[in-house]
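Alright, structures below, take your time with them.
The following pair of complexes shares a single chain, chain A, combined with chain B in the former and chain C in the latter.
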Partner chain A sequence: MTTADSIISIANVGKKFGTYQALHGIDLEVRKGEIVTLLGPSGCGKTTLMRLIAGFEDVTSGNLRIGGKDMVGVPPEKRPINMVFQRYALFPHLDVYENVAYGLRVRRLPAAEIESKVRRMLDIVQLSQLSQRYINELSGGQCQRVALARALVNEPQVLLMDEPLAALDLKIRQTMLEEMKRIHAATGTTFIYVTHDQDEAMILSDRIVLLNKGEVVQIDEPHQMYAEPKSLFAAKFLGETNLFPVRMVAMADGSSGSVHATGAVFTGKQPQPLKEGDSALASIRPEALYFAASERHRQSFKARITDELFIGSRSFLTAQLTNGDRFRIQIQRGTACPPVSPEAQVDVFWSPEDVSIYPAALT
Partner chain B sequence: MKLSARWSGWTLASPTILFMLAFFVFPSLFLLVYSFWKASSFQITPAFQFDNYVRALTDELFWRVTFNAVIIGLMSAVVCMAMALPVGYYLVFVSRSRLLEQIILVTWFSSYLVRIFAWRTLLGNDGVINTVLQSLGLIDAPIEALLYSRFAVGVTLIHLYLPYCIILVMTAFHEIRQDLIDASRDLGRSQVGAFFSVVVPNASAGLVGAFMLTLIMTMGDFVTPQMLGGTTGQTTGLLIADQFRRTGNWPLGSAQAVIMFLLVVLIFVAVIVAGRTLGFIPKRRKQRAV
Partner chain C sequence: MILRIFVALVISFLVAPLLIIVLFSFHATASLSFPFQGLSLRWYAALFEDAQLGDAMLTSLLVALVTAVATLVLGMCASLAWLRLGGRARAAVEAVTITPIALPGLFIGVSLLIALALFQVSLGKVTIIIAHIVISMPIVMIAMRARLALFDTMLEEASRDLGANSLYTFRKVTLPLIMPTLVSAAVLTFAISLDEFIVTGFVSGTETTLPMFIWSMMRRTVTPMINAISTVILIATLAILLISSHIERTRRAQSLRARESE
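Showing the complex of A and B:
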């Protein structure tokens, strides 16, 4: 699917460390100006993929192109890419100004041009006041902004960022995310962003690349990936979901559905092939469960509400099915809901559109 | 009982402090004091006069051997560093192999004298090099200058002190995180460029230390010059040792030792200034109060 505006094209790329296969069969096209997030659990190969793109490691198999050019044997300094490192990697022997100027000095730009570019960049990341400080005199958030400025000032075609916010607290993190979106809008640089924080991925990305055990699990827009995870792994990794053990059956109208131990029937999307008699897991997100029926929310089962967890704008109710299976329901603050009571049975409704059924055996 | 932080600090440091006082500070002070004393016909009498310095500095032999010592020391230290830098870089940042480090240490286990004699065997008149060259018909008579020369001393000293230098350099490199090098390359520097613009400045304190220690050891070594130096390869170390061992003129020996010490300090200052000027040693401005 190579398109004209593709800037990075990764085809069937594999990476081996000794005998350990860290990445296999990676296919990914990144378009100009896009924000792509690599998301996945620790050790799934996010940093490795970044380092391949940046040129710090060589691909073991497959093909990696940047701007249409094959990158075999092209060292990092010759790639139109800059990187923000997981632990910033700022130069301790230089002050903030010189850290930011580093890449421009390497390119031997005229002094006046360096000066104006660095000043502008320091303004953008709001560090002009601190330009004379050395790195060990900065806070974590300030380091992060220096790292961002040092990479961005070179106006790379692609900016790689490896968990740049991991070391920051929640408040700065949100500010920095907004800052990053603003900088992206201002510069139009292609961002490839690594995180294992799904909120960050959702907020920032045009597309999310979900990785697991060195493989691409799914590539989709955040909405799409949240609404239609194509695998059990994706459903569990992105957001929270309830999983009900079910068995596949043929429905009266000939379509395929599934039935739970309590007799409740689930029909819905089946992204992976399933056949009658298979054991499976039906997945419904906590916010897709309701206490009132509607035209859409027409499937239901009976449950008892055993607990409520209040977290400000919303609450999580813990509910129990008649066979003892537990699950969670999310309700907005102010929505009417039945009281917590271990005795009373209530009806819980959902729409088949919000159900996905996955094979139970594999993740 | 609880010691205050200050006192527990002193307590912990006291063995080192006592050791340094007993075996370094006091002897050095004695040396300084001795250098002003008077020596006449095997009698040493306390005094305060500069005769020893005047005598040392007006002695043509002293100048000649000191020149030798400085040249040999600088040459050996420079060559050691030139070899230790790439080897250290390779071991720390490329191979990351502990095994290779250990092999380097092992070469250090063999005795100092054994290694000196090994070089005598190689470089001597009927040594390996001369014999091979003769039997190949390349030369008629053995090259005498191979042994008993500045060259022989230099080669041997480099061999003796290179492992030490490598280990010092590696210690300095271990302080540098790999991602600093990656960042520098990412920003456009080649591997060599990254080495000089990021690795060297950040390891500069350790590297200057490695250079100076190697210099002090090679400059001060007096066994190698004695065994391999002949008449042209003599160094100050040997001259000073003779004042203490043979002539018994301790005040003169002390004065010569003090001059050597000052010379080392001078070289140290020169190295720092050169490093600053060339940009290899970062000029850290004092932290301003904000």
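Showing the complex of A and C:
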């Protein structure tokens, strides 16, 4: 399925370390200029996939092409790719300027050209003032920007970034994310970005590649993946969700639905095959639950509100069903909501469009 | 307070003998004890007049220099291998290169002598240098291992990622980072070579090194010339240390200046 504007094409790629299968059956097409994030829990193989693309490891099976060329036996220095390492890997014996100039010096560009490229790149990452500092004299955020500049100055076709923001605090992380988007817009470079922070993935990506245990679980645009996770793992990993244990039943109109221990009925998407009598989990996001019915929000059950967690712009209410199952409801600040009261029963409504039902056995 | 006194005591314990040797090298009489009876340069003059001593000193300096350079190169190669080998092979390299430190000098001397006889190598400066390299390598390897254990191989990957082949990477990243350790190991080697005595005795043939000369001189009479020789050696060693640290600093300044003129 190689398309014309595809820059990286990964087909059925597997990677073994000794007997340990770190990756298997990976299929991924990355288009020119795209920002793709690899997202997944620790140890799922994100770094390994990056290292395969960068050429630090050889694929055990399958086929990896960059710009249409097969990459078997092509060493890292011959690939049109630069990488920002998980822990920066800046050269401690060189100052900021020389770190950024390194790749250009390797290519023996004329001195004047090196000078102008490095200066421009230092401007972009706002480090011109610090060009003579050594790496141990920089803060974490500054190191991060040097690492970015050192890679970008070579104008690679693809920039790989392995959790570049992991070491930074929340505030500077947001600034860096915006900066990254700006640099992407300015350079048009293809970004492949590794993170296990779902917020980062959502903010930055054109598409998210969700990995688990060395396999691709789902590839989708952030909105799509959030709205329609194709598996229980995806639903739980991306954002928060409530899971209600249900049993599959046939509905009056012949369609397939499910029923909860309290008698509440859930119908909705079934991304994986389910048959009557299967035990399953119905998933609804906390922000998809309402206290008022509408044309869309027509399914409901009764619950008691036991607790409120206020976090500024929104609140999380903890609610309990009549059989004791707990779940969470998210409401925006200023929205009317029933008071916390262990006695009073309230109706909670939702739309079948916001429900997904997954097989219970699989994670 | 107690700590300070302790530190002061330790330092004076280490430094005092040196100062006394330096002082008495300028003594006007042959006496090696107080009271001090005036300054003179006669023992230094005697040094320069003694042709045998001069030869021994030159031999020692030459041997030490070659040994230091040789271990520098060998240490560089060994550390290259060390960084690239994994687990078991690395342990094997370590065992082979570091274990000799535990062998008695006598044993090394005898086995070297036998080996040299086997290959019919005639004894002389070359065999002394070989012996000194054998003795120094384990020490160089210990110093390098400590440094390389901290070496981030990710830096080499970063360099290759930026388009550099392995040779360029070694020259521009690996070597500059391990150079200070290599240089200090070489300086240490120089010092070891300069006063090595036991093994040298086995393989020196007709050559005489400075420690051998001093030893034979001491067996006859104890003269204040010893103080003068020791002072010269002390100053030479200090000079080497200063120069090597100075080189490092000027190199850094130079590279900064080179860039500004670009």
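In this text, the second predicted complex is superposed on the first by the 363 of 363 C-alpha atoms of A that agree within 3 Å, B and C clash if a C-alpha of one lies under 4 Å from a C-alpha of the other, contacts with A are read in each partner's own complex, and residues count from 1 in each chain.
One rule holds in what follows: a residue touches a chain if its C-beta (ideal position, glycine included) is under 8 Å from a C-beta of that chain, and two chains touch if they have at least 3 such contacts.
The shown structure was predicted, so the numbers you read here are calculated from the model rather than taken from an experiment.
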item: Side-by-side fit of chain B and chain C on chain A, or clash; value: clash
item: Chain B versus chain C as contact partner of A:A89, first or second or both or neither; value: both
item: Touched partner set for A:E137, first chain B, second chain C, both or neither; value: first
item: Which superposed partner A:I26 touches (first chain B, second chain C, both, neither); value: neither
item: Touched partner set for A:A54, first chain B, second chain C, both or neither; value: both
item: Which of chain B and chain C A:A235 touches, first, second, both or neither; value: neither
item: First, second, both or neither for A:P76, with chain B first and chain C second; value: both
item: Footprint overlap on chain A, where chain B in one structure and chain C in the other make contact; value: 54, 56, 75-77, 81-83, 85, 87, 89-93, 102-103, 106-107, 132, 150-151, 154
item: Chain A contact footprint on chain B (complex, rising order); value: 177, 179-180, 182-191, 193, 198, 201-202, 282, 284, 287-288
item: Residues of chain C touching chain A in the complex; value: 152, 154-155, 157-165, 168, 172-173, 176-177, 255-256, 259, 262
item: Footprint of chain B on chain A - complex, ascending; value: 54, 56, 75-77, 81-83, 85-87, 89-94, 102-103, 106-107, 132, 134, 137, 150-151, 154
item: Of chain A, residues touching chain C in the complex; value: 54, 56, 75-77, 81-83, 85, 87, 89-93, 95, 97-98, 102-103, 106-107, 111-112, 114-115, 132, 150-151, 154
